[in-house]
Amino acid sequence: MSVNPITPTISLTEAGKRHGFLRLPYSRNDSAWGSIMLPLTVVVGGAGPTALYTGGNHGDEYEGPIALQHLAAELRPEDISGRVIIVPYMNYPAFRAGTRVSPVDGMNLNRSFPGRPDGTATQKIADYFQNVLVPMADLVLDYHSGGKTLDFLPFACAHELDDPAHHAACIAAMEAFGAPYSLRLREIDNVGMYDSAVEAQGRLFVTTELGGGGTATAKSVAIARRGALNLLRHIKILPGEVEPAPSVTLSMPGDDCYHFAGAEGLFEPVRDMGDQVEKGDLIARIWPSDRTGAAPAEQHAQRSGLIAARHFPGLIQMGDCLAVIAERGA
Amino acid sequence: MSVNPITPTISLTEAGKRHGFLRLPYSRNDSAWGSIMLPLTVVVGGAGPTALYTGGNHGDEYEGPIALQHLAAELRPEDISGRVIIVPYMNYPAFRAGTRVSPVDGMNLNRSFPGRPDGTATQKIADYFQNVLVPMADLVLDYHSGGKTLDFLPFACAHELDDPAHHAACIAAMEAFGAPYSLRLREIDNVGMYDSAVEAQGRLFVTTELGGGGTATAKSVAIARRGALNLLRHIKILPGEVEPAPSVTLSMPGDDCYHFAGAEGLFEPVRDMGDQVEKGDLIARIWPSDRTGAAPAEQHAQRSGLIAARHFPGLIQMGDCLAVIAERGA
Amino acid sequence: MSVNPITPTISLTEAGKRHGFLRLPYSRNDSAWGSIMLPLTVVVGGAGPTALYTGGNHGDEYEGPIALQHLAAELRPEDISGRVIIVPYMNYPAFRAGTRVSPVDGMNLNRSFPGRPDGTATQKIADYFQNVLVPMADLVLDYHSGGKTLDFLPFACAHELDDPAHHAACIAAMEAFGAPYSLRLREIDNVGMYDSAVEAQGRLFVTTELGGGGTATAKSVAIARRGALNLLRHIKILPGEVEPAPSVTLSMPGDDCYHFAGAEGLFEPVRDMGDQVEKGDLIARIWPSDRTGAAPAEQHAQRSGLIAARHFPGLIQMGDCLAVIAERGA
Amino acid sequence: MSVNPITPTISLTEAGKRHGFLRLPYSRNDSAWGSIMLPLTVVVGGAGPTALYTGGNHGDEYEGPIALQHLAAELRPEDISGRVIIVPYMNYPAFRAGTRVSPVDGMNLNRSFPGRPDGTATQKIADYFQNVLVPMADLVLDYHSGGKTLDFLPFACAHELDDPAHHAACIAAMEAFGAPYSLRLREIDNVGMYDSAVEAQGRLFVTTELGGGGTATAKSVAIARRGALNLLRHIKILPGEVEPAPSVTLSMPGDDCYHFAGAEGLFEPVRDMGDQVEKGDLIARIWPSDRTGAAPAEQHAQRSGLIAARHFPGLIQMGDCLAVIAERGA
Amino acid sequence: MSVNPITPTISLTEAGKRHGFLRLPYSRNDSAWGSIMLPLTVVVGGAGPTALYTGGNHGDEYEGPIALQHLAAELRPEDISGRVIIVPYMNYPAFRAGTRVSPVDGMNLNRSFPGRPDGTATQKIADYFQNVLVPMADLVLDYHSGGKTLDFLPFACAHELDDPAHHAACIAAMEAFGAPYSLRLREIDNVGMYDSAVEAQGRLFVTTELGGGGTATAKSVAIARRGALNLLRHIKILPGEVEPAPSVTLSMPGDDCYHFAGAEGLFEPVRDMGDQVEKGDLIARIWPSDRTGAAPAEQHAQRSGLIAARHFPGLIQMGDCLAVIAERGA
Amino acid sequence: MSVNPITPTISLTEAGKRHGFLRLPYSRNDSAWGSIMLPLTVVVGGAGPTALYTGGNHGDEYEGPIALQHLAAELRPEDISGRVIIVPYMNYPAFRAGTRVSPVDGMNLNRSFPGRPDGTATQKIADYFQNVLVPMADLVLDYHSGGKTLDFLPFACAHELDDPAHHAACIAAMEAFGAPYSLRLREIDNVGMYDSAVEAQGRLFVTTELGGGGTATAKSVAIARRGALNLLRHIKILPGEVEPAPSVTLSMPGDDCYHFAGAEGLFEPVRDMGDQVEKGDLIARIWPSDRTGAAPAEQHAQRSGLIAARHFPGLIQMGDCLAVIAERGA
């Protein structure tokens, strides 16, 4: 059987704080003996659990990478009980390119689990998390935002799990994070997700969507940073109480929460993020991109609720997710 | 001398409303006798002035195109005194590609004036506006937003002009537009702008920046639509009074309003759009994109004022305009 | 086991006629929650068999898509006994790009069967046909033409099959189609074909090659449209008799039917499509593309027969199929 | 003033036949001191006029290059009175790429005259013909076909010229060529053409359109080869009589000969090349490329006449020339 | 099970010398029925062993292809006892593109073994060597050099093998080759190598690294040519004695032989190829590529020895192999 | 008239040493208000002349950039009399891309002089040197090497100039540089060179070619660094004597020094850099890249002399400069 060629340049277990890399040999036209170098910080304090914090699973989402750079800079081993493993740019080639999927192999890391040790670069990264890092972790926090093409209300998220105790623990961790919204997300296309891979190993798992459009704001970064510390406090790696923050509970209980564009063209949102809409309300128009004087396609709300996500770019393709309407309450 | 090959498929002068195209022959590998077809609506009512309304000068800015699709659909010749010429996607190839500059020749239409009748596609478009459409117009409104890489507070804008009467008339038109902010913008690199080309012909000229990030919102579209009608009322093409709207007056009086990134990396805004900052305040950090554990570059405010514009994407290059700080008042 | 994520937006079984899509979720850089939308028409009449009609298996072949757009527009549920499922653009991303293989994953749909539910976009499409649509069908008609790089005499085609009854039924269906030529085609590289996948499920299968060069003509479209109706009549979905049409029977009995270019350069056909040639005749020259004054490579007929197919573009690479010579008669 | 850097590797004036190149130094990333090498054959016999024969002005048109390779191989200096200069691949980078315009600078050679000695590669080629080769020539024959995106009835062509004697001489030369059709072509976009550059120097000029689709046939090559010899006989470089061939005279007297696509989508020709149509006849449909069940756009003949040219690829863009209808007779 | 579609155009077994191709059908957008044609020479003399000689495993390494073109031209069947199979451009698409990995599928042939008969083009090539050519061979010589991004001291190489007899035989063959250096190479990332595939079949295997930078010299070609003949003499396919040549024995006994760049930027080698360095010596600097006035990163020798390989291009990425230090002696 | 938009971020005249940038505003799709930032160091000491030192005129040549990074780091204002302006990466976008010409506009900076203030990025850089920096300089040193596609013997170079005093001064400066070879270079295509632009302003000008292949060595860097100091000593900006170094004088007196490839294929040098060859000697073979068993094209020396330059990559195109043979002595 193949062995994953990724090696850390620093110890994952020694006490103290170290900054280094996960080195993945990567032979290519412009470097025969090149490597992909995923930045990595490991902070090891006294006895305690291990938290694995990741950002950049998709390369165009920025709250996680920024919060994790802060955490890597600021967390002190003497302050913690346990270990924190920080990988701010998980799909590093995608992060450097500013793209959702890897420019190296065109793959979406979050649909590549469990990965392959002898596969493409993205598959090797997935395999390394699957078989090396996640097994070390008690808690995994994976930051997401909408990226360049989606926008989200800022929420932390837990998935539905079969084991009630596991489920309750994940819900509690999500609540500890303290995002303005707390959501149970049903994924549109769920094969190969990191989320499922972590949950299947019985770990606590929290994910987020903290904004979107391929940017971050001072406000969204503050949410991400507070959540990082809150979770460490929640599992007792950091001392002290979780900093409380009000959070609106949301759910997306049915397929009809998801609205897909029925035409391609110029996208006009008629209702904005966070607006309450009623079933049947006009929520968007799509104007032809090749002429004037023709009526726009109209998109109406399939159910009542809050606009919790929307398509971001000004042009839209048929079948793009145009908006997601969430219900208040679980 | 060369003749511009662009021809309108509809009359620019006959009474009534017509939707058609500006047809620009464009021979290329995938169509030897192809054309670029710029959508065009002309509405001719009773006697009165001519307004030329344009969007899509940069192809990734969307408030203008949406507002102009509405106007083209809704304006009725029987309601107007004069003529309105509407070109919602001025640099049509860029609009279709969702890019600032034209994918056809790599040119920025707003730096291509006065254009050339025998030049590239973008130069031919510029020449046609310069020599055919602008000379027909009493008032020109050119919608802009920040596009995919900048964000702006929503403002209408007038430039400083030598002729006091011309200047005052442009200021009055800007005020009539009724954007939340009203600004006198000094361009960073001003050779070849449409703005200057129009102003040099003595026309009333109003431009805007109504948001950014390569998207639009219900709110920003409403500003754009109200402004379109207000300007038509202001020059008496539409009857009735200008709809009043509160507007904060801003100016950018010096080079030090513009803050350029001193490093490349992961961009963390520390202050958000519209925030008041004082000279010396930390406004952004730039983290290394290749490692953890290294200090970020810090950017401080060069003067006090309002954050009126900022870099949008999560990654930043050295020399990118990171933020613009404006002063309240003219 | 993975479940194929494709879902139809319309019922495949309810009586009546509906136009909709097969929606395939497709996350990508320019739409995180995007979809590939394959147009689909389902016509359900009285009791009877099911026909599955497809075009656009290769994205640069046009007779099938045009004939199927006509059929989708014109077929009335009250006229038919059974069901017709129409997918005019089977490899939709390739069709939109005008390319043989998918621009999304570089794959040839007709070499991707049986597909994978958790594979690339092309593999998911193959899997959906393999496991959902083909099992519903009694008869499958898959339109092909030569595409941008080959030209064919217009023929319908049946493959040799082990089961004599199955074989005879396919031959009869091919004859019912009524193309000017009827052929038994041996494929050059036959792993992963849709043809074999359908035949292995014991369905009637007819395919065609109706021209080529990446275009269609009024004449070739007429052949495609007549064949579509004839096959429906043949299996009694439509009432009435098959419209008779004269057809020349052809075969390609040996490897030496296929002529491959022995040099790269400028391709000069010396004999045209449909010409009768004798073994040893000069059929093409290949001139050097980098100089004058050098003798061309000459290609001679390896056997006597009809020029039934040829390379289309003016430049040729070594190893390209330059011509296929068929024999009259089975 | 700049000097054109192109140099021939062989003499243009010495008696005999030589094969060589026009060498254009071309510094680029993959060859700092590289060159573009245009193949060239010069045949110099006894006293007499000079003919300049060119193909590959557009890189995806093949009858000319093939006929000129034959001529370069077969013409013997002892048989001719005068000189023949043969450049079969005029825009050599485009010819090698199989594209209409140059991959080197994106320029259409036939819209680049008079060129520039210090411009891009295409401009340098234009300048060299303008200032070196055309001034040497009494007669210029420039072969064209429709290329990959247009198809033409096979015709030779003369343009209307102000000088009656010049005009008559060009008409006579066109007739001597002996194509199945003879046409006076009005160009859609005529700035920068080689044709005009040659005619302005008072030379005899004949051009052709001998088919299209980016391929050649045995039949179209035969037309091209016969025409090459006929013209040499016509101006007495070769002895003997012009080989007579029947030719239908055509004209395109008005703008309404040219039909442009009013929609984008799947192109269905309803009438074929050479068909006689009456004003108002349906000549093509354009089906939506993104759905079934929607009516196609219909294109009707703007005047009566012959289908003399048409769009070739199966997909069409708005504004593409869909068909040209010609009148019989001059 | 799938059958590999590659077929040789010449006999691999008949006596005499033939030049031909391995033809791999390859359907693609620009040739629906195209092929990849790997040049092949087979020389069959009297009874004796079979040698399989390959170059172009990576497409940007040139000593092997040149030496094998010489050998294919010069080797005479009457001079040999046995058979020599010569494939100078093993990954032909990569060789034509001048790239390490295949432009067709992005794969590194030397990490694609054992390949797949129904995989991508590179996988099919690997499978064909694995299952057809290597089983025919007693000795395999695979030429490598550093390619465009690495430089090597010229060495022949044998790997460590478990079977002492096999190991000794490979060492003896390596010594017979007669390169200036003889090395036991530990590969950085060894899954899927041709080397291992050959060795696992119990064949004699010799590989080389004969220079680099994507070029060859008269001197390095001479080494390659001498080695080719020496090996044939060594296994008695050619008569006569191995031509003796002095060779320095090297080894790379530990991970610390390999030096990876710790920063990206402008690469300055401080010590050159073949220089003796001591542990701790400065061997390279990496200057920032975006500014002046900042200190370069410095790279020091991790052990004493000879600079046996180095990064070639002037720019370097973090994680690129910057230098390899070898020890004299085995 | 347009004003060049480039501005230095540091003073060019104040005493002391400063590191900064030449900032060129550059609006593009991925940064609407972006800039190109050319690193710049200015060292101002006591009264004295000004030297302008540049590297990276072509982006794939590395001795200059490395030597200038050293100089920028090490030169102290207190040690010099006069001023040194250092721009190590003159065509910065090309340097970052590792390409000869700019990726931004495809232009060769060294063929873009005198530039245009309102042109492309490369033209603006040329204009800024032409009109701002060169007029400030008494001496200009512009480092070149062969780049990725050529290799040179290491030489300093002076061009022939009309003014004997100017000529003599340049020769003296070239000699002071102290490269192993000293050459009078005739450029193949000399329109738009920086060299000519500087010389036409009457400045002392020295250029170099210090190796090639897109790499640098410890040895070639040492030559570059010594030359930088020697020239400063020569014009008395640095005190002390020029460090003497033996230099072989070379010339390239005729067109026949330059050997161009007569075929495309696999390039085999038969003689190496610095070898003495006699007229008629075989210097290279070019093997077909598509087959074995065909004779290579052979290239013979057109004159006797030293191999002073050669094509570097393993593949060669027709018309590439294959080798340059120089004569010893001026």
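We just call them A, B, C, D, E and F in the order they show up, numbering each chain from 1.
Here is the rule we use: contacts are C-beta pairs under 8 Å (C-beta built on N, C-alpha and C of every residue); 3 or more make two chains touch, one makes a residue touch a chain.
What you are looking at is a predicted structure, and each value in this text was computed from that prediction instead of being measured.
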> Chain by chain, through touching neighbours only, how many steps does the shortest route from chain C to chain E take?
Replying inline: 1
>> Between chain D and chain E, how many steps is the shortest route if every step has to go to a touching chain?
In response: 2
> Can we say the copies chain A and chain C touch using the same residue numbers, with more than half in common, or are the two sides different?
Replying inline: different
>> Counting contact pairs by residue number and requiring over half to coincide, which of A-E, A-B or B-E is equivalent to C-E?
In response: A-E
>> Can you tell me which chain lies farthest from chain D, using the average of the Cα atoms as each chain's centre?
In response: A
> Just how far, in Å, is the C-alpha centre of chain C from the one of chain B?
Replying inline: 49
> So how far apart, in whole Å, are chain B and chain D when each is placed at the average of its C-alpha atoms?
Replying inline: 43
> Taking each chain's centre as the mean position of its Cα atoms, how many Å separate chain C from chain D?
Replying inline: 35
> Which residues of chain B are in contact with two or more other chains?
Replying inline: 21, 37, 60, 290, 313, 318
>> If every chain is a node and each touching pair gets an edge, what shape is that graph: line, ring, star, complete or other?
In response: other
> Between which chains does touch occur?
Replying inline: A-B, A-C, A-D, A-E, B-D, B-E, B-F, C-D, C-E, C-F, D-F, E-F
> Which of the residues in chain C come into contact with chain A in the complex?
Replying inline: 2, 5, 21, 23, 25-37, 105, 118
>> Using the touch definition from the top, list the residues of chain A that touch chain C in their complex.
In response: 58, 60, 99-101, 106, 108, 111, 146-150, 188-189, 191-192, 260, 311, 313, 317-321
> Which positions of chain B touch chain A when the two form their complex?
Replying inline: 19, 21, 37, 39-41, 60-62, 65-66, 68-69, 72-73, 86, 88-89, 95-96, 98, 151, 213-219, 221, 266-273, 275, 287, 289-296, 312-315
>> Which stretch or stretches of chain D touch chain A in the complex?
In response: 264, 290, 318
